[in-house]
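Each of the next two complexes has chain A plus one other chain: chain B in the first, chain C in the second.
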Partner chain A sequence: MGFWEHLWLGVLTVFTVGPAFEIFGIPISITLLMIVAGFCIGIIVGATPGLAGPMAMAIALPILISIFGVKQDALLPVLGFLIGIMKGATIGGAVPAILFNTPGTPDALLTTFDGYPMAKRGKARKALKAAHFASASGDTFSDLVLFTSAPFLAIMVERFLDLPEKTGLIILSLSFIAAVVGRSAAKGLISAGLGLLVAYIGKGEDFYPRLSLGQEALADGFPVVTAVLGVLILGEVFKGLEDLLRSGPQARDLSQAEASADNRFGWADVRACWPYIRSSALIGTAIGALPGIGSTLAATLGYASGRRSHARKNPEQARFGSGRIEGVAATEAANSAVSGANLIPVLSLGIPGNAAAVFLILAMDSIGGFNPGPSVFKLSGGVTGEGVNPELVVVFGIFTAMMVANALNWSLGGLFMRSVGVMARIPKHLLLPVILLLTLTAIYVQLTSMAGVYFAIGFGFLGYFMRRIDMSVLPFVIAFILGRNLEDTARQAFAATGGDALFLLHSPIALVFILVSVAVVAMAFWRSEAAAPPESHHEPKTGK
Partner chain B sequence: MKHNNKGELVLGLAFLAFALFVLLIWVPLDTDTGLIEKVRRRWVIGDALAPSVAAVLIALGGGLVTINALLGRGEPMPLGWSSLRFAGLSFGLLFVAFLLMRWIGPLAVTLAGEAESYRNLRDTLPWKYLGFLSGGFVLIFVSIVAVERRLTVRAFLVAVLAPLIIALVYDLPFDDLLLPPNGDL
Partner chain C sequence: MQKLAKFAGTALLAVGLSAAGLGTAQAQWQPSGPIKLIIAFAAGGGADTIARATAEEIEKRKGWSILPEQVTGKGGLNAAVALAKEPADGTAIAMIVTETLGYNRVAAGNPVALEDFTALTTVAGFQMGIVAKAEKGWTSFAEVIEAAKGGQAIRFGTMSPKLSDLAYLLGEANAVAFNTVQVRGGKAVMNGVQAGDMDLGFMAGIQAKGVASGDLVNLASAMSVPLAQSPDAATMSAYGVDFNADGYFAFVAPAGLSDDARTALSEAIIEVVSDPSTKAGGIIAKAFAGAKTISGAEFDTLLSSASNGAQGLLSAASE
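The block that comes next holds the complex of A and B.
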């Protein structure tokens, strides 16, 4: 089957399979319904300081699996819901940032710089409209880049990379993530090493489960959900609770200024913001495509680039930071442009680049039938090689789901995001203990074992201590997920090269990957450890 | 800028020691195959190689942190005794909450003089909710009160309602799901 047939099947799967109900005789599919639900929940979650998209994805996943099971036709409804959350949370984060000077998500911190001064002048609605327009533009652009570049990248990988090169590529990705995430490359290496070590407990080729200390509970290794949810979600909850214990419940200024007359976002505003949206969307997309670099850096670079450009072109006008609508647009376009591009390494290489991508891979892994990586883009399927490749149909289904979410974003997103400002009023100290119980319950219902809950609590404390010693948890999680894949590929490469212990050095491409890995870590170490002044340690105060 | 960085030095040395422990003691003693093995006249990668590589990464990172600390570079470590105390208290709270979750149901069945065991009643009302609601209440109530530093009606209401809503969300629509700890009893 050809490209267009797979594409059409993917679109049809989203719109027609599993009709949930009818509107005027038109059947609404369950996938469509889940995208809408995920998108609305994403906006609410994004607008709630203390919650975040990945947190909602983590809590939702076990519920979704309980509803849909682990059948092949569960994939698109579940992924559609998670993609909806991912996209909704991105625009939702701007709401409390503009209205109350409290970023709903960390990447919306820079939105406060211009958004809140605008709100204080009675132009909150205008700032929200600009944030929505920029966010939807950046997101759509990023998705279009994903649709065109992911298949191309996958085909290149399949054509030019054999087993040693694929091993080298995974090592390069892990090194890159370890080196660039967080402030210390050395601690990033430790984090990735710990993730790999935990991934290798219990699961090996030999009859005896390695590193299991003779314990039956460790024989099959740690369930993925316990390590991922423990380190990412419980660790964050513990850290948040300790911060609140130290500072006491945070009082926020939730008063809003009287709305001024000029709250329209017209063509003149679009024209003024467009150059900044354009360059920020490019920056966000480029950053999103690289594993490990998150939307916060994209927002920072987008804002910095916009500020420089604005100061150069308009020296007579007030600068960014004083309530410029262009500042809001530059930040929101950059952080939203990350969400589509971060699926490029997921779909084409099977490598998650950020926390949201981790949960998409977790969903694919839990349900089965879809193994992200270069092979999903093969046009041939079935025994004869001329049938349907169901994984490619799922890929086009995912792309369709993303476009549906974009359409929702453009049509209803702005209206909905302007109505969820109330979420910022929920105190964080009431929210965090509830999230703790909810996450532990979600883990239990998925594993039906208290051992799983205890493991997750253990990983939660690990995540807490990692945060406290200023060690990023993302390299741990991604190394944990890629650990088995890395070992399997290396085993196959070793066997395929006839037991060549230096197989990574004998292939020119693999050698380049290894050299680049070493260079990336060395450069990051040099920059982060030697150059960073100690005063730069303090984190900006966010709503997280 | 050079500065006193004792915490980072301890941290680097601790990870270095942990990596050496994994590499020299844990992996050799708790893995049945070596780094590479000869199986049916072919060399294959053994189970010890991957964890050893992980340990080398940890050692490398620990070594770099140590070197930085010795050179007075890097950033002061924010981990202190207060963090350890918080972890201990949180662990204690979770321990008590899960103890209640585990035993309140069976205890209530015994006190009520039911003929059936808790295991047989674990998916029936009201027994199935007792452990989860009481453990959840303690976990949430104590956490909120600790932050607010006073007893409030709001904390009480959240601690009562949140576990109830979570229980209903999972229990009402799904017949095959069991709330903690009922699947283990």
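The block that comes next holds the complex of A and C.
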């Protein structure tokens, strides 16, 4: 079966498999329903300060799996829901940033710079419309780049990279993530090292469990969900609870200015914003395709580049930061453009670049039947049917789900986001215990064992301590996910080269990967030695 | 093959009936709750697909609820250990390969015993071939040996320690050394061979479609008998190795399962896998030359002889 048949099958699976109900005789598939639900929840979550997309994805995943089971046809509804959250949260984050000067998601921090001054002048609706337009444009652009580049990247990897080079590539991704995510490269490396250490407990090729201290509960390692949810979510909750204890509940200033007359977002505004959206979308997409950096840096770079070019081209106008609509657009286009491109390394290499991608990989892993990596893009090689590669069908299903979410974003997104301003009123001292309870429940639901809950709480404390000493948790989580892959590939490369212990140095491409890894880490050390990097380089704990 | 399967099914039913002495009692055996199906294979591979498709079809036909659960790793032993701890009331079964309770169990120093399990039924026999991409130009394993003797480094993909031992012995018997690359699951071998990461590899049936289309070639049979699909490919004994990779995909339950539960579960599985119109049966018919359902006492014998053979291979490979 050729390319177009796979594409068509993928589209069909999203729209026709498992009709949930009918509207005017047109059956609505369960996947479609889940995308809509995920998208709406994503906007709500994004608009709630203290909640972020990955958090909702983390809690939703185990619950979804217990509802849908781990059957093949569960994959697209679950992924559709998660993708909906991922996309919804990006636009939702701008809402409280503009209305109340409180970013709903970490990457919306820079949206407050111009969005809130606009709101104070009574132009909140206009700022929200600009944020929505920029967000949806950036997102759509990023998706299109994903659709076209992921297959080619995968084919290149298959054609040019042998086992030693693949090992080198994983090492490079891990070093890159460790070096660039946090303020300190050393802490990033320690975080990644800890992740690998935990990943190697109980696993391995031998028949005997490794590092399990003879404990049967550890014979097959820590369940992925306990480590990931524990460190990412529980750690954040524990830290939040402690902050609350120290400072007491804080009242936010939630007063809104009266709307002024002109709140339209017309052609003139689109024309004014378009150049900034364009360059920010490019920046966001490029950043998104690199593992580890995430949407906060994308937003920072998009905003900074927009500010520079605005000051150069329009020296007579007020600068960014004083309530310019272009500033809102530049930020939102950049942070939204991350969400499509971050699936490029996921689908073509199996490497998650950020927290949202971690949960997508986790979903694929838990449900099974889809192993992200170069082989999913083959036109044949499936085990069932006549030459259909079911994994490729899933890829096209994912692409279709993303386009559906985009269509939702363009059509309903703007309307819906303007109605969720109320979420900023939820006090943190009520929110945190609810998240705690939901996370523990979700873990129990998936594992149905108290051991899993205890593990997760233990990892929660680990995440808490890492945050206390300002150590980024993302390298831990990504190293934990990639650990097994790294070991397998390295073992195979070692065996395939006839037991050459220096296989990483004997292949030119692998050598380049290793040298770049060293250089990335060295530069990060040099950078943190030279000067404390700006605040925004620090990917916040649950950054997207 | 199908007739044989049907015959085996009927025979099993007859044995079950006479053993219980009551015609109707065990036909009505029902699980007391959802059945946990432990799958020892990597998600998305051929064996996993068969396990899940079988479960779905049984749900449809019997109205039971079956919850598949992946417990992979350690050559199926993680799954076996997990299953041994489950209640023996028919609410927990596992799909493994016979190698798990044979070679792998012995090699791991017996973390579980054969007596910990009730054998239900095999579903398909390996069609284990030594396979390469057609574009390599090899038509038999002899040509691979020639290439290796000519100085070419040959990467031999395997998916279990037993197969790695066999790859080693094949090299030893022919005075060449292969670079044995062990991966997780037959699909990983398939992907490795397709992507050029490996030059050839063991495949237990997943190669059928590729061989039929001419993309892949069965260079040799790794079993005691020739492959159904490529009867001309020589067995390993032609290359000086007297061991083989015979084995089956099989369902087992914890020890102490009542006879009527054993019969009912085995029958339900056999009924599905022997029917090529079902998804599971269809894959088995295509990839494994039809269902092979050995159950009851015959399956017990098979398992104990597999264990006895394992020791010989282990000592040969470690000489």
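Note that the second predicted complex is superposed on the first by the 526 of 544 C-alpha atoms of A that agree within 3 Å, B and C clash if a C-alpha of one lies under 4 Å from a C-alpha of the other, contacts with A are read in each partner's own complex, and residues count from 1 in each chain.
Everything below uses one rule, namely that contacts are C-beta pairs under 8 Å (C-beta built on N, C-alpha and C of every residue); 3 or more make two chains touch, one makes a residue touch a chain.
None of these values were measured; they are calculated from a predicted model.
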item	value
Clash or fit, chain B versus chain C on superposed chain A	fit
Partner chain(s) touched by A:Asp162 [first = chain B, second = chain C, both, neither]	second
Partner chain in contact with A:Ile190 - chain B first, chain C second, else both or neither	first
Chain B versus chain C, judged by how many residues of chain A each one touches	B
Touching partner for A:Lys378 - first (chain B), second (chain C), both, neither	second
Which of chain B and chain C A:His429 touches, first, second, both or neither	first
Touched partner set for A:Ala495, first chain B, second chain C, both or neither	both
Partner chain(s) touched by A:Glu316 [first = chain B, second = chain C, both, neither]	neither
Touching partner for A:Ile469 - first (chain B), second (chain C), both, neither	first
Chain B versus chain C as contact partner of A:Glu391, first or second or both or neither	second
Touched partner set for A:Val70, first chain B, second chain C, both or neither	second
Shortest CA-CA distance in Å separating chain B from chain C in the superposed model	5
Residues of chain A that lie at the interface with chain B and also at the interface with chain C	205-208, 491, 495, 498-499
Sites on chain B touched by chain A in the complex	1, 3, 11-12, 15, 19, 22, 26-27, 30-33, 36, 42-48, 50-51, 53-62, 64-65, 68, 73-79, 82-83, 86-87, 90-91, 94, 98, 102, 132, 136, 139-140, 143-144, 146-149, 154-155, 158-159, 162-163, 166, 169-170, 173-174, 176-181, 183-184
Contact footprint of chain C on chain A as seen in their complex	69-72, 158, 162-163, 203, 205-209, 219-220, 365, 367-371, 374-375, 378, 380-381, 383-384, 387, 390-391, 488, 491-492, 495-499
List of chain C residues in touch with chain A within their complex	42-46, 48-49, 52, 56, 67-71, 73-75, 77-78, 81, 104, 107-109, 111, 153, 155, 161, 177, 179-184, 187, 190-192, 194-198, 206, 209-210, 213, 215, 279, 282-283, 287
Chain A residues within the chain B interface of the complex	63, 66-67, 183-194, 196-197, 200-201, 204-208, 210-214, 238, 241-242, 244-246, 248-249, 429-430, 432-434, 436-438, 440-441, 444-445, 448-450, 453, 457, 461, 464-465, 468-470, 483, 486-487, 490-491, 494-495, 498-499, 501, 525, 529-530, 532-534, 536-537
